[in-house]
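The next part holds the structures, each set out as structure tokens.
Both complexes below contain chain A, partnered by chain B and then by chain C.
Let's look at the complex of A and B:
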């Protein structure tokens, strides 16, 4: 691939414990090309989020970790950058969207102040009025109908879906080349999650942003990503174009993952599927105090 | 604000707290106008009226040199409040900064700062203040210093614990992601989220600082005569119990009112700000 946005080569990570060292990532390699949406799929504890944190350089704060391998961002080795350069990179060229949008916004500041803060990363001299203008524009893009009211609100005054859209807007306002989405919207209910993901999809398409999408939800990944990597116990076990992997999974783990996705196409009619589900949802005796 | 007023007036104890503190603070500010003998806060001798029980002129009686006790108690409130506020203004920023750094800057910084804090916390506060005052000259300024030295560790511990919880919040990670500096994250992102707990503790503490300062001056280590002070007034009168009971009872009650009032107010703050611990 020519000039990839992000290139991870043989990344390994271990945590040193008291008695033994636990290896969390084993020679993980992956590439994200320009304007490409790449998903990293795996179960909890497989090493997805830790990979994202390494890319962002947020893991160094903790001691007792050993990292090897290379992470190249736009052709530059992140390990060779100074802490200051990396800080500058984050928030301007790289940005991130989180699982829980409500907690990702500081409850004591209005949305407009937080937009201002984000914009200051790129342009330290920008004033609040200009920031407000740009924020209003991008909030329009994420289908927020009353941007002025939202900007004046505190995060806890908005719904989860609104907060998530605000997060998407904030993540993209500095026109980053890479957006890292760590299970975005998992904390939201499914319909809202679906809406915001579609929105995010359109936004990054429009802007040509590369996306590193981390998820355990195969349904979401199938809709969202161009290519995917399957990670299992810290190893990449399968990679390929999303449709190819879904059509023809090679690794047994991927097959097991795909088999775990509930499907309504296996039955002949929709009513069959509903019957299946209703058996599953049949009232059971529930022990609340258990 | 409306909500705050409603919550306060929903519980009678909070109302009492607000009234008591209103009286204490109000009288201390307006001391020059409401006390019958403002000059009695200093060195005035009136041997015709010394050691008189309460009557209509001197509603709390007079002290051993004939000064009006009520006047002196109100002026003593003024000194106590100034002392309490100055102590908190010095101790809280210091303790908060140490707590934020210990909570956010990683295990090594935490080790150094919190172990230091614990050393201070392990010495009984009054003993620490007494030993400091034993070395220094007993003046108002030194008294404030002594109380400050024993007070900041409580704040560093409180804020340290709060920071440990807050740093796991998404917005701290989000700030790290956008490349905010550590200073920014500590003071702009985390600190405002700790304010409710800090403010509640400050209100409660104002009462305790007054109590400790009174204890020091009761032992002769705080504010020196002729400056009126509740602690030294109690100490002076204690020798003439039970005959001249007003010399001890009224300053003692005055301490009680202030400490009790600030405690009730602190509880009310806790209700309003929602900081149950």
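Let's look at the complex of A and C:
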């Protein structure tokens, strides 16, 4: 039987404070099959980002965290691996794309140096020239027209959208099986975000990469993911195929989230849409019996 | 690289302007100190005629701007006048005493960087853990006592109670090293005398370490502060998410961006050591410029005071210039900044 790329079973996480322990995740379970694009949707503070960091194994080492449950990556339990083995997976079998591309790239190194470093994760002996060649190729794939100039640049010399493409290219250059995207492009303006997400979509389709997509933006999720999980206060409250959840949301929180997506249906005028929007901008309480 | 060159030229110009300003300032200050330099130079037994004659020779009766004019034109010819204390040209005195001080300060600067920066890196990497706390206590001790206190303590501990190091001087008196550069570490190597070379290092260690201690503490604290700040940046998480080993992340990804803000202070600390060296040299009987400086100040030897201060200011400016250049080389934002119109 083929293992799913990622399988999370009853994952719980708490942070130990001075006086009390704060529980951040409650028995979260989710599965990402091979070549599947799965979204985890929720508001800020719901536990989306810590889940991603647990999958990467970035939080386990910290002394103030208590983790229970199982994370299986390609059928192997992360908890049974040594810290070194977990580290070996990062950057080669799984990689991550961050929210703000400009601040996620190191400000004092050229893009080509950063590509070179990433490529060295899989092939420690690769020289800068070969790295440059591979980086040029993949930058072409993300529609960068002057890869040579971009490679010679520092992140601050490039636009946000350009940096985002660079980061997508960097995330995929080692052909990982799992790409974790933590609110990619939220820091960019909407049209640029849309472009880069389409690009990312095509790139992972082509390569057959599984994607763990973390977002608070249902509009984006609808376009991007095959399935989605809705997380609220550290608990998964709903899961299902994207179109099913959008067509028939079961959990009140999901309904509330969906209501927050502005939509302009045909026939609406712009002012209708604005009136529509003002309705959900008003504060409202969410009630349900969870 | 054109930007770096432009920056360098601009900085050199500014430094020269500052140097002119300093020369005016120090010249004025030296002139307003009460007491007649000519009288002090000639001693209590001199007659009034002798004093008046010397005042004339020193242009002390001219208006002050004229006096500065004489001083500036002589300075440009490399003449700082004659020291009333040693009765030799000040330039010669400085040439004799400066190398010993520079040797001490360079050694202290090297210790500061070689010990302070790694301590800061270790501290930041193990933030909040035992090693971090230990280093922070040591660093705080280093910065909280002035160099001369450390000089006395180190001398008592490691030269007197535990005679591991020589108590004073630059080199054992048995060695007779021909003077070429004035830097003993270079001169001993030039004559090929390795034993003398190591003896000079052995003499150098305690005073240099005493002088470096506060700088070590300062460098460690700054590096730690800037690095813990950098550790919270997304690009460090990104580096971790790409699975780079912890030490590599510390050295390559966190240290370089953190070094840029620390460097300015480290450069200033380095230059400040020239001033701190005054008392350390006095304690370790180190025949350097600082001891000379103290002696001439006490004797109100104007030419020598002005010369000494000018040299120290120049050292500050050069240190700043080097730091600016290093920062420009480390920080691509400066190197590739668009020139403002």
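Note that in this section the second predicted complex is superposed on the first by the 263 of 290 C-alpha atoms of A that agree within 3 Å, B and C clash if a C-alpha of one lies under 4 Å from a C-alpha of the other, contacts with A are read in each partner's own complex, and residues count from 1 in each chain.
As a convention for this text, a contact is a pair of C-beta atoms (placed from the backbone, for glycine too) under 8 Å apart; a residue touches a chain by one contact, two chains touch by 3 or more.
The model shown is predicted, which means the values in this text are computed figures rather than measured ones.
**Student:** If chain A is used to align the two complexes, do chain B and chain C fit next to each other or clash?
**Tutor:** After superposition on chain A, which the two structures share, chain B runs into chain C.
**Student:** Identify the partner contact of A:80: answer first if only chain B is touched, second if only chain C is, both if each is, neither if none is.
**Tutor:** Neither partner.
**Student:** With the two structures laid over each other on chain A, which partner does A:88 touch: chain B (first), chain C (second), both, or neither?
**Tutor:** In the superposition, A:88 touches chain B and chain C alike.
**Student:** With both complexes superposed on chain A, which partner does A:18 reach: first (chain B), second (chain C), both or neither?
**Tutor:** Neither partner.
**Student:** Which partner does A:260 reach: the first (chain B), the second (chain C), both, or neither?
**Tutor:** Neither partner.
**Student:** So, does A:98 touch the first partner chain B, the second partner chain C, both, or neither?
**Tutor:** both
**Student:** Hey, what residues of chain A end up touching chain B and chain C alike?
**Tutor:** Chain A residues touching both partners: 56, 58, 87-92, 95-96, 98-100, 103-109, 117-118, 121.
**Student:** Spell out the part of chain C that touches chain A in their complex, as residue ranges.
**Tutor:** Within the complex, chain C touches chain A at residues 233-235, 237-245, 252-253, 256-257, 260, 330-333, 336.
**Student:** Of all residues in chain A, which touch chain B in the complex?
**Tutor:** Those in contact with chain B are residues 56, 58, 61-63, 86-92, 95-96, 98-109, 117-118, 121.
**Student:** Under the definition above, what is the set of chain A residues touching chain C in their complex?
**Tutor:** Residues 56, 58, 87-92, 95-96, 98-100, 103-110, 117-118, 121, 154, 156-157.
**Student:** Mind listing the chain B positions that touch chain A in their complex?
**Tutor:** 106-107, 169-171, 173-181, 189, 192-193, 195
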